[in-house]
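What follows is a set of structures to go through.
One chain, chain A, appears in both complexes that follow, with chain B as partner in the first and chain C in the second.
Coming up: the complex of A and B.
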């Protein structure tokens, strides 16, 4: 039986039960080997403990773990905070960064639902009403007309009524974390409305005004990075020790001596990796070192606070945290007097430092920033290193990280490389700026409290799994190793977790990794077999 | 904070089921948390991994690189997955009483 769709008013309901609960049968179907709901994993409901302690009454999962207020007074105080934050969102002095597109979005949505059809979360969920990009925006829009523009009855009739109470705010907090901020909705909107931005602005209100944000991206993310230097918890001593270990490991593996330069003043390039690469995928920073050395580039890493970790989680939820980290990155480059910063394989770090930070970094902090994609493209296409494409004689497909591709337009450099060095390269459909998010965007890849990882694998990552399986449809057999190239740590983590969850390495030999690993795997001077086809 | 109950004992854990106070860890904790990570028996090999994680954590305040863990203990990653089905970062770290690894790992 088809369930009745959730209505906007339901979000203000006081009930202590989730408004929806999805089952495998509700979701978008997938290709083989996941072509029947029974081949999917069971999906555990939230625990009873979670329902007793946290505000998690939206959709039977929980991303933010907001403690339940104990009294009516506490609830009212939270709603009052929400209202003061709402006001600030619409004041130039408090929101000079995003006010203009936000106002455009509030005033001009025609509710044509073109964006809903473009949203991977909405489609994968089986077109669940609360995941429409317009559902979230409509709540904010009605609040805007009622509480910011102080509309009366006529406005309420024109724009729709809304009840503001703590249950609504609590559900809206969770709902702002059911969007990957991939902005495929904004791309497709015929009149330039940005419903992805709405999720971002809501998160910002909750963090900057109410101190509410998932601990993975705030306490253990941007705060940890500003305190010790990296969201991984590595201080400068630990990161140097780890890179020394990687140098030894890679030298042995490649048969070429590698020594990573630290804090070289006046270097041409300051390379900043997502530090997660160092911890979890050491072959990636190792491969960068091999390529840059072979190409004769004068490069360095920095051991300054945040100088060795390009992440800037503030991009997803908090403008103030964003600015603090962006300035640290620029200061590290300024101290070393480097000619430019090059960002490693991390999509959100690319957009954070090269695009959004452009309005913050002024004067001598406005140091040129470049994508590693273009630098690598120039090295590969100018034949500065000798490459043998036959070493990459296995099926390869390319994932487009949203921040890098749709939101920055870096589309071709990485493609020129894979076309040149991967004879069995095939595109996913759709691809380029029309790509789908990996499902881990905006922090989801590192959020797995309660049963949230199950939600990610079943809903937000579902479209990407479909695309990967389709790209390899003509070579599914486990005797053929296959490679999903994802030049972004966040996407790579999400894709790794989904391949593991669905057992696709064991059953179909689908592996994953970055772009530089493919380049080094084809380098003639490197011992053959850099990609070792073992699960990692 | 959520409570993890096992064998008549109660542990405060975070939303991912990791021990809230890593300093209260002892060998009993590893035994008590084993079943929640699909580990039926703690063998000598399990302890080798747990003890390495624990001593690295006490020295540096974070978990080691996975590659380092493999090299220092002599186990391949897939062998660690056999021992700890949810992997080194989630399963093994949880039994060793480390906080959940942070950042894009």
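Coming up: the complex of A and C.
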């Protein structure tokens, strides 16, 4: 029996039960080998303890883990805080950073639902109403007209009625973390309304006014980075030690001596990696070092606070945290008097520092920032290093990180490289600026509380799994190793976790990795076999 | 009655103008926001527009000459505005309703323009033109609005977003353009024609005899025109900003004095966000907040 779609009013319902519960049968179907719901991974419901302790009454999972208020007074106080934050979102002193886009989005949606079909979460969920890009926007819009514009009956006739209470706020908090902020929906909106921005602004309200954000991106994310220098917890000593180990390993593996330069004043390039690479995929920073050294680039890493970790989680939920980290990155570059900052394989770091921070970094802090994709493209295409494409003679597909491509316009450089060095390269469909998010965007890749990881593998990542399987449809056999190139740390983490979840390495020999690994794997001067065909 | 019709038309035109200008000025005067562009950006170099690329694809992009491809914007905007190209691409079934509706309105606007021009030039040579655009415009608008209305009433996908005003608005269009068409077509021999009516309107000649149905259409049409800029239907204004100031605003902060001044002004705002990690007290500026570290001094 088809379930009745959730209505906007249902969000204010007081019942302590999730509004929806998804089963494999409800979801968008997938190609082989996941072509039947019974072949899909099973999906544990939220634990009873979580339901008793936290506000998890949206969709049977929980991203934020807000403790349940104990009394009506506590609930009322939280609603009052929400209202004061709502007001601040629309005041230039508090939100100059996004006020114009937000107001236009609030005041001009034609409710045509063109955007819905563009959203991978909505589609993958089997078109579940609460995941419609406009669902959370419509709630915020009604609240805006009622409480910010102080609309009366005429306004509610015009813009729609809404009931504000704690259950609505609690569900809205969760709902703001059911969007990857990929802005694919915004790309299709004929008016230019931006439902991704709405999720972003709601998250800001919750963080900046109510102090509510998932611990993975706030406490263990931006706060940890501002405290020790990296959200991995590595301080400058530890990161230097780790890089030393990596240099040794890579030298041995590649048969070429690799040494990473640290804190070189006046270097041409300050390379900033997502420090997660150093921990999880050491071959990536190692490969970068090898390529830059081989190409004769004058480059350095920085051991300044945040100077060795390009992540900037504030981008997803908090303008103040965002600006603080961006300034730390710029200060590290300024101290070393480098000519430019080059961002390693991390999509959100690219957009954060190159695009969004551009109107925060003033004077001598506005040091030029560049994508490693372009630098690598120039190295590869100018034949500064000798490459043998036959070493990459396996099927390769390329994932487009939203932040790098749709939101920054770096589309071709990485393609030029893979076209040159991967003879069996094939595109995913759609790709480039029309790509789908990996499903890990906006922090999801590092959020795994309760059963949230199951939700993201089943729902937000589903479209990407479909794309990957389709890209390799003519070579599914496990005897053929296949490579998903994801030049972004978060995307790579999400893709790794999904491949593991669906057992696609075992069943179909689908592997994943970055771009520099493919380049080094093709370098004539490097010992053959740089890419390990072993699951990590 | 003719006097009343004239007064209402002038008053409505004034409301339309003032409300549209107020809305546009309100958006234009908002502070410069952080960059939030969305690719493809059509004023990039033509070879980049093809794949949606930006100047970030160039090594040392800040040392390269900047390129603003106006023609790219015109090429994007013309089919978008005239033919709703985006809708054609992303929501074909809606396009078949929305395009006639919007194109019908354009034709009606063209009719008004042609009539006024004819009066000012003092010719009736354009009679066939404005007859054609007027009747076709009204017919397309009514057909499109009816299609949109039917969809809104029957498509479950639209249920959550639909408000009573959304229904009212479409009915309003159907009634207005239905009355205008019916009023004109049933006007009878005593009606001197649209050219004389517009001449009368422009010269305030109240001796023109306006048939009742046509007068009702004109009055309601005037009210509709006054109402549009007070609603989300003023997206013809919004769209300028959502495209030019947001989706396509990729202006880098490099050496543009005006931009730098606007950024500097933003950094002096004094926020009042209440979460403790922000450290806002209404006295500290945005720049001060951005340069304090809420984690310094906390446990390692």
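One rule holds for everything that comes next: the second predicted complex is superposed on the first by the 536 of 536 C-alpha atoms of A that agree within 3 Å, B and C clash if a C-alpha of one lies under 4 Å from a C-alpha of the other, contacts with A are read in each partner's own complex, and residues count from 1 in each chain.
Please note the rule applied: a residue touches a chain if its C-beta (ideal position, glycine included) is under 8 Å from a C-beta of that chain, and two chains touch if they have at least 3 such contacts.
What you see is a predicted model; the values in this text were computed from it and never measured.
A.B. asks: In the superposed arrangement, does A:282 touch chain B (first), chain C (second), both or neither?
C.D. replies: In the superposition, A:282 contacts chain B only.
A.B. asks: What is the contact status of A:221 with respect to chain B (first) and chain C (second): first, second, both, or neither?
C.D. replies: first
A.B. asks: Once chain A of both complexes is superposed, is A:187 in touch with chain B (first), chain C (second), both, or neither?
C.D. replies: second
A.B. asks: Quick check for you: in the superposed arrangement, does A:251 touch first (chain B), second (chain C), both or neither?
C.D. replies: So A:251 meets neither chain B nor chain C here.
A.B. asks: If we overlay the two complexes on their shared chain A, which of chain B and chain C does A:448 touch? Say first, second, both or neither.
C.D. replies: first
A.B. asks: Using the touch definition from the top, say if A:116 reaches chain B (first), chain C (second), both or neither.
C.D. replies: In the superposition, A:116 contacts chain C only.
A.B. asks: Figure out whether A:311 sits in contact with chain B (first) or chain C (second), or with both, or with neither.
C.D. replies: first
A.B. asks: Which partner does A:231 reach: the first (chain B), the second (chain C), both, or neither?
C.D. replies: first
A.B. asks: After lining up the shared chain so the two structures overlap, which partner does A:535 touch, if you call chain B first and chain C second: first, second, both or neither?
C.D. replies: The answer is first: A:535 touches chain B but not chain C.
A.B. asks: Mind telling me which of the two, chain B or chain C, contacts the most residues of chain A?
C.D. replies: The partner that reaches more residues of chain A in the superposed model: C.
A.B. asks: Show me the chain A residues, by the header's touch rule, that chain B contacts in one structure and chain C contacts in the other.
C.D. replies: 224
A.B. asks: Applying the document's contact rule, which stretches of chain A touch chain C when the two form their complex?
C.D. replies: Chain A residues touching chain C: 5, 7-8, 81, 84-85, 88, 92-94, 96-101, 103-104, 107-114, 116-118, 129, 132, 134-135, 138, 157-160, 183, 186-194, 197, 207-211, 218, 223-224, 226-228, 235, 320-321, 323-324, 327, 340, 354-356, 358-362, 366, 368, 370-371, 373-375, 377-378, 405-413, 432-433.
A.B. asks: Given the complex with chain A, which residues does chain B contribute to the contact?
C.D. replies: Touch list, chain B to chain A: 1-3, 14-16, 60-62, 65-68, 71, 76-78, 81, 87, 89, 101-105.
A.B. asks: How about chain A: which of its residues touch chain B in the complex?
C.D. replies: 47, 49-50, 53, 62, 65, 216, 220-221, 224, 230-234, 238, 242, 245-246, 249, 274-280, 282, 309, 311, 346, 445-446, 448-450, 489-490, 493, 500, 534-536
A.B. asks: Help me check something: in the complex, which residues belonging to chain C touch chain A?
C.D. replies: 27, 30-41, 44, 48, 51-62, 80, 84, 86-87, 89-91, 94, 98, 156-166, 231-235, 238-239, 241-243, 245-247, 250, 252-254, 259-260, 263-264, 266-267, 269-278, 280, 286, 289-296, 298, 300
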